[in-house]
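So that you can tell them apart, the chains are marked A, B, C and D in the order they are listed, and the count of residues begins at 1 in each.
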Amino acid sequence: MIDVLAAPPFPEALSSAAGWSQWLDAVSWRLAPYLAPDKIATAVAIAVFAWIMFASQRKARRGVEIPIRRLAGLDALDEAIGRATEMGRPVLYVPGTDEIKEIQTIYSMMILRHVARKTAEYGTPIIVPTKNAVVMAFAEEAVRQGCADAGRPDAFVADNIRYLSDEQFAYCAGIAGIMYREKPAANIYMGMFYAEALILAETGFLGGAIQVAGTSRMEQLPAFVAACDYTIMGEEYFAVTAYLTREPSLVGTIRAGDVVKIAAIALFLVGTWLATAAPAGAAGPTWSSVYERLFG
Amino acid sequence: MKREIPILLTVICGLLVVAAFFAPAPDAARGLQPSVWQAINSELLEWAKILVAVAFLLGIANVVRINLRQIQARHVDRPYKVVLLLSMFAFLVVGLAEMHERDLPNGIVRVLVPADHVTMKDGHVVAGWVQGATETGIRMRDSDGHDLPEIPHDQVALVSEPSAKMWVYFKIFAPLQATMFSLLAFYVASATFRAFRARSFESTLLLVAGAVVMLGQVKIGNDLTGGMAAPVEAFLMDNFVKAAERAIAIGGSLGVLATGLRIVLGLERSYLSE
Amino acid sequence: MAAALAFDRRWIYLGLGLLITGLYAFGSPEELPPAAPVQEYYDAIEKLPEGSIVMLSADFDPASAAELYPMFYGTLHHLFRRNIRVVGVCTWPAAPPFSREAFRSIAPQYHKEYGKDWVELGFLVGDDVAMGIIGQSLRSAYPNDALSKAPYDSFPLLRDVGDSSRGIAMLITISAGFPGILEWIPQLCTRYDVPVLAGTTAVQTPSLYPYHPRPLLGYLGSATGATQYLQLVAPGTPALVPVREENQRRMVAQGWGHLYIVALIVLGNIIYFRSRRRAA
Amino acid sequence: MILLQQSPAWIDLDPTAPPDLLGAFLICLLTLSIFSFLYRDNPFYKLAEHLFIGVSTAWYTLEFYDSGVKKALLEYVPEKVHALHDPALAAATEMGGYPVTPGWALAWRMGAVALSLMLLARLVRRDAWISRWPLALIVGIYAALKMTGETQARLVQQIRETMVSLWSADASAVTIAGNLVLVLGLVCVLVHFLFTFKRGRTLAGFSRVGVIVLMLAFGARFGFAVLGRIALLIQRISELSSYGQPDYSMGGRGWVATLLTPPWLVGGLIVLVLALAALSRRGEPEPPAA
């Protein structure tokens, strides 16, 4: 399959950048019929990530402690619930505006279980408005389990888990109505939000409630940061569930992401150093250009 | 069985698509032909495409079911739900008729699809339904379903193909959707005044950066700041925002990688327990 | 504070509505200074050799047409003016009418022939998967075109593209969100090494910065970018002059709208801090 | 703004024709009905909202059907059956550029047909287990496609693109500062998103800087969001005002002609109805605004 005559030759020596560049040419030419050479770096990244993920999961399952840093927004959750209890007012938990197929909604249910345990411990009512009948069923289950976790199964009030509307703005108006009438002392927004984030955060702010928000959706974070007291942003959102549940598979995934991030930092710092050190306007390949080629 | 086969399907298809990603690319210059990987990849993606479309069509059944139930239950919004269903079905019928103009019986086409008009250079107008164009001219069919003699391209001055589907799109759908989203301008205005507070160092930074971008993007903002806003905004965007967005992109890719790996390796099963 | 803020938000709405309407009605067009990525977008099209094939993807719907349709319209003029051949595709189901309107009105102005100089392939369902299919083989993605429903190989232009997306010199996507430029990059641009230009909505613009200048050669961000681009293309294209002027006119109202919002932030915060001082 | 060559027709379904009067009235009515929600929820808004859901659902259905069912199955399958008997067509049959026989192409596509039928089982029973097969396939393919593509474009290549030369002889101070901000900013934000390492002072310091960079980026996003929303609003105003030209007037001259154009007529009607409704409601308590 390989036309040996047309194949670029291997270099004589590998002592210079030019030699390495020629070596890369020769190797990728020979690999091309079997594997896309520009995608090798991607394959390595996937393999390394998978390996660390499985290793960390195994470690976590064996009971080795992998620490997870405390998130300011999480401390705020307890504070918010405590304040609601002092004031004798309920806690409002909004699980986002998407369906259960959205991963953030699933994670929101795990957080809800934790929040419901706390409110049950304090004996504070928790109101959960939902935009979707399926989400409502999941939310009911989460709150019920949370109450059970606290040893207070009687604290579960089915009427407080409400289906409002499938229409985005009608759902939003319904939540605003709850904020006006029942005056929750703490509003917790966790999950996937769209344009309504702005209106919710505004209405909640005017009601004077302490507000904690969390979403991995960047578009809506500005509204939450500007109008809420604490915000769990971006990737932090996924760490919350790992932190709360300590489930080995989640912890292992977070760990693998961390290690790859550190590797990424190291890799581009080396590249930046090589690029800065490279002679300006060099004609042939430099160490920097050879290094850059490794990334496809 | 009920669980194993779906997971097996996920794993096999997933691994095949992953393999195709790394498969050699065809290269005509070197005589590398497309491999069987390209064929499998192409057909699997085609399957996914068809299934996504069919799944969406199933959604219609859901819309009908929910709204019918509300109509039956004498919901307060009952008249509106009727409008919803009627407008949906009317538009579906008109749209499907236009799409299948060539396959449908003539009587139905005559009622549901507006006639086309071809104006000739001599001012003469031919009415009928355009069936398509050949190298030499335009083929049309008359209101009885008979083929008209082909009209040569060089005699045609103007072809008018009215479409009820396009009319509904531009006169109803487009203005409604555009206006729905423009409401957000008002909501942003209200929220900025009533709730966006510089209560911490972080939110202060956010509001200042937002103001810089708003001023830097428009002429008057730049004039009012003595030409400072635009360069400051450019520096902010090209460096700070680029750094943050790149970190977010890297973090996002790790999230996709983690979930993707778990799904492709058959470890993630939550999507099956719907 | 409560008193100052609890007044009806509808006054704020009314203020914004009146301001924008008034300025749009009475403002006169004004020139914007050009931005670097817009110039790069323009230059990238200028540098394409005549006769090369570009894939122009309409990935938007009426909700964002205000920002994006002028870009699409201007880009198509620019491409035809430069005698570049255009393959039109859509990954948004509500995009085809806009794309069709633009092609149908612009192609005759440059005496461009359907099938030879341009072809419309229409909407392809599947988001990322649709882009994957297009990247793998345009022929598999679209066995027929959208206008005349004729087979792929009956068009000289598509025969020149062939199977692989490598037959395309550049992808230009006018993109409103998902799916769009952020999906085209992994599925087509980096995977098959196709350079890309993008016009995007304001909301999406910040996400593009990491990909510029590679593989994203240049981009138009929001209404500002569209106006700056039209300023560059309109000279020499009389049909674009009214579009440019309309956009420049809108930018006046836009500017005052921004000032209104900035003023609201400042005012809101002054009230907030004064009431806090009083409370303390 | 559209400049008309001739006066508009009452109704004209030709998309290339100048906007017709009926269309103008509809556009103005629907646009202003949606805007009326800013005052309060009302029947105009509700009607427009439900019409929007109905029409948009139908539009998406038509397009999905056209691309995913009509072209991919209803036209594809007969075409390949035809190719079975036509050697010229058979020779041109391929899958993703790889030549196959029409029989193979058909057989493969039958897989999609079978899976589609399994999906349709949901019409009969919502929890039909057989419908999980096609769902599993969709999930697997999307996951694989996104995972590989995004790792290349957003991880590997983003690392590569960060390898910038920090300074060179001819670089300005601003460029050098920018490069430093880019590289160090990226390091800090990535460090902020490290979760499983104990935080000493160094890590915490990096993380603090990372938060600052993130906040600036969120601010920029906020500024751009405002830009986009206001642009949409201006376009609506522009479209309304294009129908306020004398060409669309029902009669009269001067300002009377303007008042008799669709936006003013429709707007007046909506204001009148809402004002009457408000008068009849006087004395009742105001419900909380959304």
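Just so it is clear, a contact is a pair of C-beta atoms (placed from the backbone, for glycine too) under 8 Å apart; a residue touches a chain by one contact, two chains touch by 3 or more.
Quick caveat, the model's predicted, so the values are computed rather than measured.
Visitor: Go through A-D and C-D and name the pair with more C-beta contacts between its chains.
Guide: By number of C-beta pairs in contact, C-D is the larger.
Visitor: Measuring between Cα centroids, what's the chain most distant from chain D?
Guide: A
Visitor: Can you name the chain whose C-alpha mean lies closest to the mean of all the C-alpha atoms?
Guide: Chain D is the most central one.
Visitor: With centres defined as the mean C-alpha position, give me the chain A-chain D separation in Å.
Guide: One centre to the other, that is 24 Å.
Visitor: Need the CA-centroid distance for the pair chain C / chain D, whole Å please.
Guide: 12
Visitor: Centre to centre, by mean C-alpha position, how many angstrom separate chain B and chain D?
Guide: 6
Visitor: Just curious, how far off is chain C from chain A if you go by their C-alpha centres, in Å?
Guide: The separation of the two C-alpha centroids amounts to 30 Å.
Visitor: Show the residues in chain D shared as contacts by 2 or more other chains, in ascending order.
Guide: Residues 15-16, 35, 37-38, 49, 56, 59-60, 64, 66-68, 94-97, 141-142, 145-155, 157-159, 161-162, 183, 186, 190, 193, 214-215, 217-222, 224-227, 230, 232-233, 235-236, 289 of chain D touch two or more partner chains.
Visitor: What parts of chain A, by residue number, touch at least two of the other chains?
Guide: 39, 42, 45-46, 199, 206, 218-219, 222-223, 225-226, 234-235, 260-261, 264, 296
Visitor: At which residue positions does chain B touch at least two other chains?
Guide: In chain B, residues 21-22, 25-26, 34, 38, 41-42, 45-46, 48-49, 52-53, 56, 166, 169-170, 173, 175, 177-178, 180-182, 184-186, 188, 190, 192, 194-197, 199, 202-203, 206-207, 210-211, 214, 217, 237-238, 241-242, 245-246, 248-251, 254, 257, 259, 261, 271, 274 touch at least two other chains, as defined above.
Visitor: Please name which positions on chain C make contact with chain D in the complex.
Guide: Chain C residues touching chain D: 8-10, 13, 16-17, 20-21, 24-25, 63-67, 93-94, 96-97, 100-101, 104-105, 122-126, 128-129, 132, 136-137, 139-140, 143-144, 153, 163-164, 185-187, 189-191, 201-203, 205-206, 210-211, 214, 221-224, 242, 246, 250, 253-254, 257-258, 261.
Visitor: Going by the contact rule set out above, which residues of chain A touch chain D in the complex?
Guide: Touching chain D from chain A are residues 39, 41-42, 45-46, 66-69, 167, 169, 172-173, 176-177, 180-181, 199, 218-219, 221-223, 225-226, 233-236, 239, 242-243, 251, 254-255, 258, 260-262, 264-265, 267-269, 271-272, 274-276, 278, 280, 288, 291-292, 295-296.
Visitor: List the residues on chain C that touch chain B in their complex, please.
Guide: Residue positions touching the partner: 5, 9, 12-13, 15-17, 30-33, 35-36, 61-66, 94, 97, 124-127, 129-130, 132-133, 136-137, 140, 148-150, 163-164, 191-192, 206-207, 209-210, 222, 224, 251-252, 254-262, 264-265, 267-269, 272.
Visitor: Touching chain C in the complex: which residues of chain B?
Guide: 21, 25-26, 34, 38, 41-42, 45-46, 48-49, 52-53, 56, 132-133, 166, 169-170, 173-175, 177-178, 180-182, 185-186, 188-190, 192-199, 207, 210-211, 214-215, 217-222, 224, 230, 234, 237-238, 241-242, 245-246, 249
Visitor: Under the touch definition given earlier, write down the residues of chain D that touch chain A in their complex.
Guide: Result: residues 37, 41, 49, 147-148, 151-152, 155-157, 159-160, 162-169, 183, 186-187, 190-191, 193-199, 214-215, 218-219, 221-222, 225, 287-290 of chain D touch chain A.
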